[in-house]
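The two complexes that follow have subunit A in common; it is paired with subunit B in the first and with subunit C in the second.
Here is the complex of A and B:
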């Protein structure tokens, strides 16, 4: 899952550059990898790829702001749905 | 009155009041005043003189706010740099304004360190650095130690400027491709702030949450306005995680929230009934016109909230606002002139035109800039003789018309400047970067209508024969050289470019084709 997320972020927000320029714990916002239009693309990708439904009140850095947070969030959502 | 007195007066009147909230940090007016005074002494000790330019290259942060007031207290001129600005443009501005000092952070300093050699910088103040580090003979000082250094006086240094002195250079995209430094005096900034405060009816009870970059006038003035009235500013870095921002609006009992259309578009995709906005008094929109359906939906969702549609430009900060009681009557208007300002619309020959006729908006007032820093030709185009022989008035380059009652409607730009995410982008600046990519034979940049961005930037490229370029290559090249908001959203490759009779790229045809394909 980490690999899929990293690939998406690199392809869409870093245009294929600097694959290793951020760690799994780095804040995507602080590293200026994601912005407000990017977050919408990210959500569409999560919903399409992992089948989760992102609720409006879940649009929080705690859920979305690093690869590790995304993994935890998707796992939690998938469990809840199962 | 000078701009730094906004802080000084509030610190004197209500020193213990919360002035600024950033993340977990809450600072009082007294805290900020003392930190700004220390940094002002630090700047003076580093050799910054009256009228010197000092660059601020920081994210929205406590330090950025303290830096602005410290620079003013030192009698110097602040130059805010967008935190996404890359080394090439940074270097251009650094040398163009011959900055005497730079206030930044460690990570940003690393990205532009190579630009410092050969510049006029006397000192660099950066967060997270060892004190006394030397770079090309210049001192690099630890910003955070100066702000709390008990050995430095926390009293203001003696005043060195008067209100006709420059307070800021605000760099904005120019049609020639090089950014222009708009010269704003203390009087200009104080006048604009006072007019805006008057129509928004701001008071010490206001709590404004700002997500817009402080490098953007609309963002920076939120701080000036709150500090002038002794209110509270909640500063965020962006609107990226909307639920976090909305949660903060509720928790901090925010009364004012400045928006650009990108933000209202995101808000309206959410179910807003989950949040309690009963404390919210007003929303403002500027940067680009808010789509009419956004206005209608927000009115329905938050009937108690006043919505101010506004229009301005860096050259005079703000021009118009639509009184909230008019928003249902003429939602497409950006309103009328703000207090202490005159304006009129002229045709190509400079004659005033009546209602319904499109012409260029001309603005007159003490908020109008002094010109573009060391660009006399550009300045002459914008500042021209006015009503009286002793004055210059601002020709905005923006086309407007009025209705019978004098309310203004934005029609378009006289030049080809693109407004995206509320900021101006010169197609030429983006094209220059595209031409630097090997394999590009021809390039044209246009704006295409976009619900989220106002206009989205589109690059049309004709590759050199035999060269295969990919969209990703083009975007990666742009992202490493342009501010984030200037990076094209769309890239189209063509075998040839449509041209006009004179052989120039026919952008009108490109724009029409782009519009048809949406």
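Here is the complex of A and C:
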């Protein structure tokens, strides 16, 4: 999952550049990888790829703002759905 | 009066001016002055002029000389107070041969020397050769409305209204300045005198230049000033400010109607152009034709508001519709006229609009440009105010929500949760103490585009710091101004001349031989506006408050109370809607990206793919595409294949 997320973030926001410029814990906002539009692109990707439905009240940096947070969030959502 | 093109060469002593060389220079900018063209070559001095006749059609020819032939001038622009200056000079014993404002500058120079610029109210770029002093005097208007560039090569000093005329002299090397590119991908503009091209300088707004004995001396004769933050006082009531402002605007508009040809006006549908059109209709006897651009895409279209103003003021109104394809189609020509990379397509519709003006038989239009800078209308000022307000109480949940109100026209932002809003607009302590606070979000966002720069370009730019370069240019009293004024200064000193008045105004209007006039940029209006206390310019979050008050009896209420809609145009969609235009594919192909060496081919390819899929919805991606494309086109047109424009 991490690899899929990293691949998407690198392709979509960094256009294949600087693949190793951020760690799994780095804030995507602070690293200036994702902006206000980027969050929406990211959510569309999560919904499409992992079949999760991101609720409005889940639109929080603590859920979405690093690879590790995304992994935790998706796992939590998948468990809840199961 | 002559909104025109000028060019010239001052050779070292003993060398001879070559009329053929001057002719080829001025031919490059004949769009600026298609009515007449003249070249003057005497000894080491060459001057050239392309004229768009607007006042004194019969006798305003240039280059113009004084009675003894010792002082010669070429002039691009308008001196709007020439009538009054002429009378004064006649009173002092000067005799005039023509009715032109060109001769007024000439006589004034004879009278006052280089200090003549202080008396001028207008928009100008001129060059005066003084044979007795063997010196050249160049001057550019206070706000940078008329363009002027120069370079030195083999001991010759070369100047022109546009860079392409300088490049017509084959001795001048056509190379890009990577530091200039870096500035454009930070500020959207260059910090003059730097330009996008190496060794090509721009005379900064409010400056004069003297060339004597081969040495160049720049002198700032005017600049923007604001009151010290600790000396802000309400010298007048709100109504008094509004009344005084209206008086000034009426006079500034009135003298900008001086012309021997009819004067039209742009209507955007917003407050500023409406105020100007209303003043023409209500305070003068002038019939008025108005011009607007409309968009097929409702997201950008303002035709309802434009028609409302035109109807209320009973102007003869004309519109030109603009589609994505139109913007894509004209873009290469827009870049050719802008002479640098641009990050937005907004100049395209204005290029199309000036064509409509020209086809309607008009040469002169009034516009509302400048109002947002001098009265504090832009969202960037509001955003900075909210960020400051919020940072005073960082734990507040309500304060960041004001940011949502700020951008009602950006659906992406409206979709954000409060937590994300806080994260996006988070104010770091370091930002708060930055002298460039108001502009950091925009400039940081723009700087993100540099990730597309090739490794070679990055290496070249290592150790450079555009922010530090800009800070070195800030005036000594800058830090004493309040935050609002500092933001206004950055906007009016840089983005206004470097982008809005050039790429989006003079260049695209002159492309069709149309002259823009800007009543808000009369220096009396600017100086008065700068004296209004910032808290009245933007009252709480109500922008341009004093202007709105001044416009109460002029402009329909619906227009006055409309929430501000910044002028925008479709970006990436303009190039890929219904298949990429052929030139876009060629310019962005990996081979061409590689051959120019500025960007990374694989990254650009991924960006293009994202745009093609319709997934490039954010500001950054759109700006990246337009920036990369315009850079590639500028390199094609100016470096590799000079003058070849699709």
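The rule we apply is simple: the second predicted complex is superposed on the first by the 82 of 82 C-alpha atoms of A that agree within 3 Å, B and C clash if a C-alpha of one lies under 4 Å from a C-alpha of the other, contacts with A are read in each partner's own complex, and residues count from 1 in each chain.
Throughout what follows, a contact is a pair of C-beta atoms (placed from the backbone, for glycine too) under 8 Å apart; a residue touches a chain by one contact, two chains touch by 3 or more.
All of these numbers come straight from a predicted model, not from anything done at the bench.
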item: First (subunit B), second (subunit C), both or neither touched by A:15; value: both
item: First (subunit B), second (subunit C), both or neither touched by A:36; value: both
item: A:60 touches, of subunit B and subunit C: first, second, both or neither?; value: both
item: Subunit A positions touched by subunit B in one structure and by subunit C in the second; value: 11, 14-17, 29, 32, 35-40, 56-57, 59-61, 65
item: Contact set on subunit C toward subunit A in their complex; value: 412-413, 415-417, 419-420, 423-424, 444-445, 448, 451-452, 600, 602-604, 606-607, 610, 615, 617-621
item: Residues on subunit A engaged by subunit B in the complex (per definition of touch); value: 11, 14-17, 29, 32, 34-40, 56-61, 64-65
item: Complex interface listing, subunit B residues touching subunit A; value: 83-84, 237-244, 247, 262-263, 266, 269-271, 274, 452-453, 472-473, 475-476, 479-480, 484
item: Parts of subunit A lying in touch with subunit C, wherever the complex brings them together; value: 11-12, 14-18, 29, 32, 35-41, 56-57, 59-62, 65
